[in-house]
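Labels run A, B, C, D and E following the written order; every chain starts at residue 1.
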Amino acid sequence: MTTSTTEATERAKPVKGDVLLEVKGLQRHFPVTQGIIFQRQTGAVKAVDGIDFTVNVGETLGLVGESGCGKSTTGRLVTRLDEPTGGTITFQGTDITHLSRQKMRPFRRDVQIIFQDPFSSLNPRQTVGTIIAAPFDIQGIKTEGGTKKAVQELMARVGLNPEHYNRYPHEFSGGQRQRIGIARALALRPKLIVCDEPVSALDVSIQAQVVNLLDDLQDDFDLAYLFVAHDLSVIRHISDRVAVMYLGKIVEIAERDELYNHARHPYTHALLSAVPEPDPDSVKRRERIRLTGDVPSPLNPPSGCRFRTRCWKAEDICAEQEPPLLQIGAPGHSAACHFPEERDVI
Amino acid sequence: MTLGATEAQSPEGGLPSDHIAETAEAKQIEGRSLGQIAWARLKKDKLAIASACIIILIIAVAIFAPLIVKISGFGPNEFNQTDASGKSLLDTANGGFPNSGLWGSGMSKEHWLGIEPQTGRDIFARLVYGTRTSLLVALGGTVLAVLIGTVVGMVAGYFRGWVDTLLGRLMDIMLSFPSLLLIMALTPVVADRAKDMFGVEDTNALRMGVLMFVLGFFGWAYLARIVRGQTLSIREREFVDAARSLGAGPAYVIFKQILPNLLPTLLVYTTLLIPSYITAEAGLSFLGVGVKEPTASWGKMISDASNWYEVDPLYLFFPGLALFFVVLAFNLLGDSVRDALDPRAGRS
Amino acid sequence: MFRYTVRRLLQMVLILWVISVITFFLFWATPANPALLICGKDCTVERIAQVNKDYGFEDPLVVQYGRYMSGLVNPNGRTLGNEGTEIHCAWPCFDRSLQNSLPVWDSIKSSMAPTVWLATGAAVLWLFFGVLLGLMAALRKGKWLDKLSVGLALFGVSFPTLVFGYLLIFVFIVKLQIVPFPDQASSSLLQSNPWDFVQFYILPWCTLALVFAALYTRLTRANMIDTMNEDFIRTARAKGLTERKVVFKHGLRAALTPIVTIFGLDLGGLLGGAVITEQIFSIQGLGKLSINAVLGNDLPVIMGVVLIAAFFIVFANIVVDLLYALIDPRVRLS
Amino acid sequence: ACGGGNDNTGGGGNTGGEGFKGGTMTVYLVDDVEHLDPVRNFVTNSNAIGKLLTRTLTEFKYDGKTKKTELVPDLAEKWESNDGLDEWKFTLKDGLKYEDGTPVKAADIKYNVERGFSPDLSEGSPYPKEMIACQKGYVGPYSPAGNNGGKGCEAITTPDDKTIVFKLQRPVAEFDMVASMKNFSPVPQDKDTKTQYDARPVSTGPYKIQTYTRKKELVLVRNDQWDQKSDTLRNARPDKFVFKFGDDEAVVDQRLIANGTADASSFSFSGVQPQNLPKTNSANVKDRVIEGADQCRRYIAFNQQKPLLKNQKLREALYYGLDRVAYQTARGGERLAAIVDSVVPEDMKGYEADTIFQAPPAGDKAKAKALLTEAGYKGEKLTLGTADSGLAVKAAESAQQAWKAIGINVDIRKIPGDNYYSTQQNDASASDLITAGWCPDYPSIASVVAPVLGPDTTSATPKAAQNNYGRSLVGFDKFKAVQLVKDKDQAVKDWSALYKEIMQTAPLVPTVKDLNVYVLGGNIDSAFPDPNTGGIPDLTQIGLKKAS
Amino acid sequence: MSNTAVEEVPPNKATGRAFLEVDNLQVRFPTDDGLVRAVNGLSFKLERGKTLGIVGESGSGKSVTSLAIMGLHKGSRAQVEGEIWLDGNELVSMRAEEMRRLRGTEVSMIFQDPLSAMHPFYRIGDQLVEAYLVHNDVSKAVARKRAIDLLERVGIPSPDKRYSDYPHQFSGGMRQRAMIAMSLMCDPKLLIADEPTTALDVTVQAQILDLMNDLQKEFNSAIIIITHDLGVVAQMAEDLVVMYGGRVVEAGAVRDIFYRPEHPYTWGLLGSIPRITGGGGRLKSIKGAPPSLINLPTGCPFHPRCDFREYATDGSCTGDVPELLQIGATAHAARCHIPSEKRKQLFIEQIKPNL
């Protein structure tokens, strides 16, 4: 374990197309408690309520959905920052759902996370050098030429001036900060990076820089991304496959173009049609579906199909029976709906 | 995205990576931490510098008290009822206040700030030694309070759950104590207990130790609450998650990630706690539960002098002024430190 | 809200109970022999034994504690003294003083009035001046009025109560003779004429209020400046409200909310005795009672005052929380 | 004699009994009175006020002009003792009444003495318990078991309503003086409210309580059932006394010095505070100043229970080393303290100037140092106990400094005032050097020597009395004999000799006596500081010049 | 209802100016670190019934401009220069009190974050009523009725009940609706919406945008919509202003700018947005970061990030600030040293294919 490069070779070499991460029935219920001394549980926020998906080696799975639907929670569960209340997470064949912190250590190198907020994801009291060196520090890894050299290489790779090693995060702009976060995530040559809305907080021009960077890195390092975002355009741009979440459930999952061109779930339809297209003429062309109301509270989600309260196609059965996520249309395309759409949107 | 002014000052873009070229006029700025920025701001703040000077001076006085007193020529506890020639310095027929010097203060070439009524002790020497008492007690109490408060607050905030509940209740209880009253009542008691348990005689050193202990013991809860709140919120910041996702354990997170972010709070709180403890020590000595006789303490001096302010106003004036200045200096410095550390900056 | 209040009250009882335990065991575990104190000037060995027996000082602490608490828990109070000379100590019974064997509750009751007058009067003063000054400073941020207020506040925060109190006496009583020498008889509003009452308290009020007023000036100023930068203030202006309305209806209301909390807690703390001010002006309040008890090792009195003071603090906490919920609709009490 | 040079004759030179009667007199006290219940009233302040409410069998009268104190009959018309001095019979005057008009009976006095045996009312003078031969284990009338089937203490008998007889455990030559203690006053059994009696004692004196608000105010008004003719002691000139509690001494001084109309008929129980002394010399104040001393003497006792202080040379070194001038200055200077050379008051029969040590007021450093070398003192630490109050601490500091100057290391131990004596009386908690003071309960040298230097009469083994802080055991064999001497003059001589003998061993060093300076309101007349009540102006004599 | 003086003399006729005309507006903030030049000579026009979009990166001075129009810089440290003509009144030189009267009636504003923009302690309804009562001498009941009407109009279900809710009890979308209702209380002639949907989910954003469109038709007010999101302006605005470093770099009709952009910055913007219809190709990003407003680059403020500097003809890009020059006969104008012809050519050759 001398250099980061040999490091990478020593570890099981991922083969493109293999399943890297498999999530089954993943659940996260946040207990809602009451009481001052003796707390009792009075309910649960069902942030993630039984979802299944896989991420293959080197691919990008996009995860979209409205605010509060459980995207970040999923990301945090996958990186084991949060303890699942149900289901399993299998990484390269190992069940890591409930591994202890010690046992998790080796996997920490393989799964990394990038956060949304470039301000809160960097410790303002540490220099960039320290921040990017933290993975080596924590994992106790020595690199040839010292940590500093490794860090500077990383900085150069993500487009930061290596001489800025000693600067503090507040001296960087949002986009640069996001690069610092990416460098940190890259340090240990992970196989999977969970990107929790890494570009939502950035200006369009900067957003494009970062998206391009992520693209390049994926190619260079054979990375797989679990890419969380609420912006359907960004997701379309970066993902190989896309999963749509609604209230803690995956309602539809498919290959990218399949999903955008042949969406089956009404919710996906609504989402797609709500995106304002930067093209004055298209406004008239596109069909408009306007959802009413807001996402219901995950504290007590609607019975049956969770989308039925906002769905124009809802019938009695939707309240009684929860539609399973079933394959529909092209292979790998599944949707959870009693009355899937037949037409295409875009 | 809020762009702070400092932010806007570093106008360079991303650096050589695919097509992102370095902007031409990327200015080379020294890597400056928030602490360094604060320090730079502090250095520009004249009031802060002045008060820091006063504080350093006071600390020097406290440390070198014996030397200073050697120069002035009179010990803090020496009675000087007569001068070298045997002439009485006190008007013994009228209650024993100094019969010379400005406003009956006994000020003279020998006794720079006059002498104490009835005993003739040198006020300058007592003032100098009183500095020791004040600072020692205040600093000791502060260190203790900050230490306990930080540890308890961080532990409660980091581990949450039942640990937090337990410590939170403890803080509630500590905060519900009428602390001044208990400090007052407990100082003698604790001194007694210490005597009993450790066989330490109720000396002045013990008394001061007890004062520090009691002040610290009743002072930590408030800070702990603040630290707990901050820890809770810092813990939610994503850089903590980042560290955890790299496999960092609680110790790493607490000491490397959270503690440095608490430092400004702790610093501000410390600079504010010190003057309040200086006042508290003076108050306790004033009330008669402070240090032991004949140890000089400003509060004790004020308490004594309060009987004499009419015939010997300067006796009250000097310790009062000393107390005022030190507290003022610490408060000023505290304000400046807070402003300097405040990212929103700008006192005006 | 109702359930919340009930729960908080229960919690208060719990906290007070814990405090009583801690205080009791802290103090009663002292080596200072209370019997010696009661025994007085001529104290024989037999007499000490007698006192110990009569007062039950030799019983295990737990038993003594139980006896003490029985006077607080039992609505009928408890009986003090020996067979034949027992007196009934009505609820709440805090035992009796070792110094003068009066029931502690009687002393506390009679000392409470001056403290309440002192604290509330000062509170009115500091609240008024503190908020006013802070407000003016905030609205004239950067102007001379602001600088003056900030300076005054800093001065006030740093001015030791000890010195300020004596300064006031010296200037207003002794030198200028604007205020007459204090007369304890005026210390109760119910017994004296209001003018005497005010003259009695005016200097103590000022003394006590100085530090607080200074603190409140700073607090109000800081809060107000923060609040005036809030988005909703911009909204209020965008509606075309007059500046006056913006400041008083929108700004002040939000800026004062945290002050209400702190005010409640400060006042609650002071109701347990403003020791130093009471000592300077020899006001026979709870503070004076407690310092005398401390110097005289009068444990039951100390215990009583501590419990009462703690009660005020905890109670103030509850009141403040409820009040906060009333002011700020975002706070939901459950 | 007491008082300093400008002692004047009580502001106006009126003789007792004459002068204006009436008006309201205001008296300031720092604290509330401790007890008004006669059986608990044993402190100077309360005692002075108690004199207005409570009459005792005998009472001391201080003549402000001749400065003599004499024992006079009060309730008792006459009294006699048996030869053995252990049985005393008192006969009451005629027509004595309580404030409600009911007659005073001898049994009521017996009842009150008995009350004093009750553990809950034990703050009063200890003499009855110590002297009267009640049955063993007697604990007063309230204890159902102890009251002996209603007969109470068998050693006290009341053959009729006007006669009361006390049987004593041992001969007491001065029992008639002891009978001036407030224990020996009547309390009607049906009015007794036990521990609550304190708040509203039934008056036999010229005044009765109108209102009493604890810690605030006590108002006395005339008791119309009191008969001046039966009372040679009390002039009772004002119509009303208002005692105000809680005002700061120094503040009260200022008011009195200012002499505003509101304060013309006022004075304060506390003497002028040192800081206000200079003002007493100004023209408009000078005439209103009276000064007086009391019978109390201060001293520092050397606790011989401590091995180190068993060394006589060390004790002598301490004696010589003390700078009493500094001590005096620390206690407020010449006008507030005077250096004394004996714990026996100078105007008391049996006083003799010190001839043993003849230490100069400022001490004799050379001699002290020499003695110290002889004593073989090697710098061991001694603790000096002092009550925790301003002047006392200052004084202790001055002693500390003086001793330090000759090389003795002294640590000061402050003990809260209320705890002070009990702490020092306890062998285990007493300090090495004990600051103490003693005020004789009645003006006799016996009431100085016995308590300050004598043995514990209740103990079989030779043991120092409670107030013998030096724990000196010298001369204990002689005390019994002296106590038995019947002839009063001979007794005085014997006591004096005994005192001298014991003082040879340097058990203590006398320091100062307190002097008090009072400023009176301009309307006050006939104020004589009474040395028997701590130098406080005698309330039974005081009056106003005119209605205010 | 509105200022009578304004009604008597139709001022736009008197002055010959557009309904809203911003002329050479400058806003600067003195700070500890130096003078922040937030807006540097901004000019644009807007007629009634029209919608103007303003886009630009963060910090380009969009919000500062809107606050200047609202007169909300008055009394702060900000130094405002230039002219703002609204319905015949010049706002920059106007007394604060007069300006106050115009707020709410002539011009009102929808803020980005409706939660922090509403007072947390007052009921939604009362905050609406308050806006009405300052300018209208009517009873509370009347105002209340109007508030409920408007709440209903913006699509809040059972408005009479929700009237007495507090802001925190509303969801994000409802808050923004309430905010819009509040801004419409006095029938303002100009409505400024500063990023009205940035904090909202796409589905809710779509609802709000539809609502605003409908309302404009109904109230015929002029709207300025400020946003980052080119999609939003494409859908909402007729005219567009692209801001960079406190200046307009390109202005014109929406179509002109979307289909015939002439400024490299606009090209960059259009190139960097991923499109929902697009594929996975590389995005065309703008290199570097937005400029510091304290040390604005000399010359064209965009030049450090510009990929087309070499095409500039008249003088270097670093020399002086290019003029905002009209292109052709339309209102289309751009601020660039590259000749218009060249720009057109560059766009067609290099940019358009990648869009």
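Just so it is clear, a contact is a pair of C-beta atoms (placed from the backbone, for glycine too) under 8 Å apart; a residue touches a chain by one contact, two chains touch by 3 or more.
Only a predicted model underlies this, so the values are computations on that prediction, with no experimental measurement involved.
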| item | value |
| --- | --- |
| Shared interface partners, meaning chains that touch subunit A and subunit C | B, E |
| Least step count from subunit A to subunit D, where 1 means the two chains touch | 2 |
| Remotest chain, subunit A as reference, centres from CA atoms | D |
| Intercentroid distance (Cα basis), subunit E paired with subunit B, Å | 52 |
| Distance from subunit C to subunit B - Cα centre to Cα centre, in angstrom | 25 |
| Averaged-CA centre spacing for the pair subunit E and subunit A, given as whole angstrom | 33 |
| Rounded Å distance between subunit B and subunit D, as computed from the means of their C-alpha atoms | 48 |
| Multi-chain contact sites of subunit A, meaning residues that touch two or more partners | 173, 175-176, 203, 209, 212 |
| Two or more partner chains touched - positions in subunit B | 1, 6, 10, 12-14, 20, 188, 288, 310 |
| Multi-partner residues of subunit D (at least 2 other chains) | 388, 416 |
| Subunit E partner contacts - residues on subunit A that touch it in the complex | 66-67, 173, 175-176, 203-209, 211-212, 215, 230-234, 236-238, 256-257, 260, 270-283, 288, 290-292, 294-295, 346 |
| Subunit B residues within the subunit D interface of the complex | 77-79, 81, 90-97, 117-120, 188, 201-203, 288, 292-294, 304, 307-308, 310-312 |
| Interfacial residue positions of subunit D with respect to subunit B in the complex | 250, 273-278, 281, 325-326, 328-336, 388, 390, 393-394, 396-398, 400-402, 411-414, 416 |
| Subunit C partner contacts - residues on subunit E that touch it in the complex | 67, 70, 72, 75, 96, 100-105, 108-109, 111, 113, 116-121, 130-131, 134-135, 166, 168, 182-183, 186 |
| Residues of subunit B touching subunit C in the complex | 172-173, 175-178, 180-182, 184-186, 188-189, 192-193, 195-196, 275, 279, 282-283, 286-289, 299, 302-303, 306, 309-310, 313, 316, 320, 323-324, 327-328, 331-332, 335, 348 |
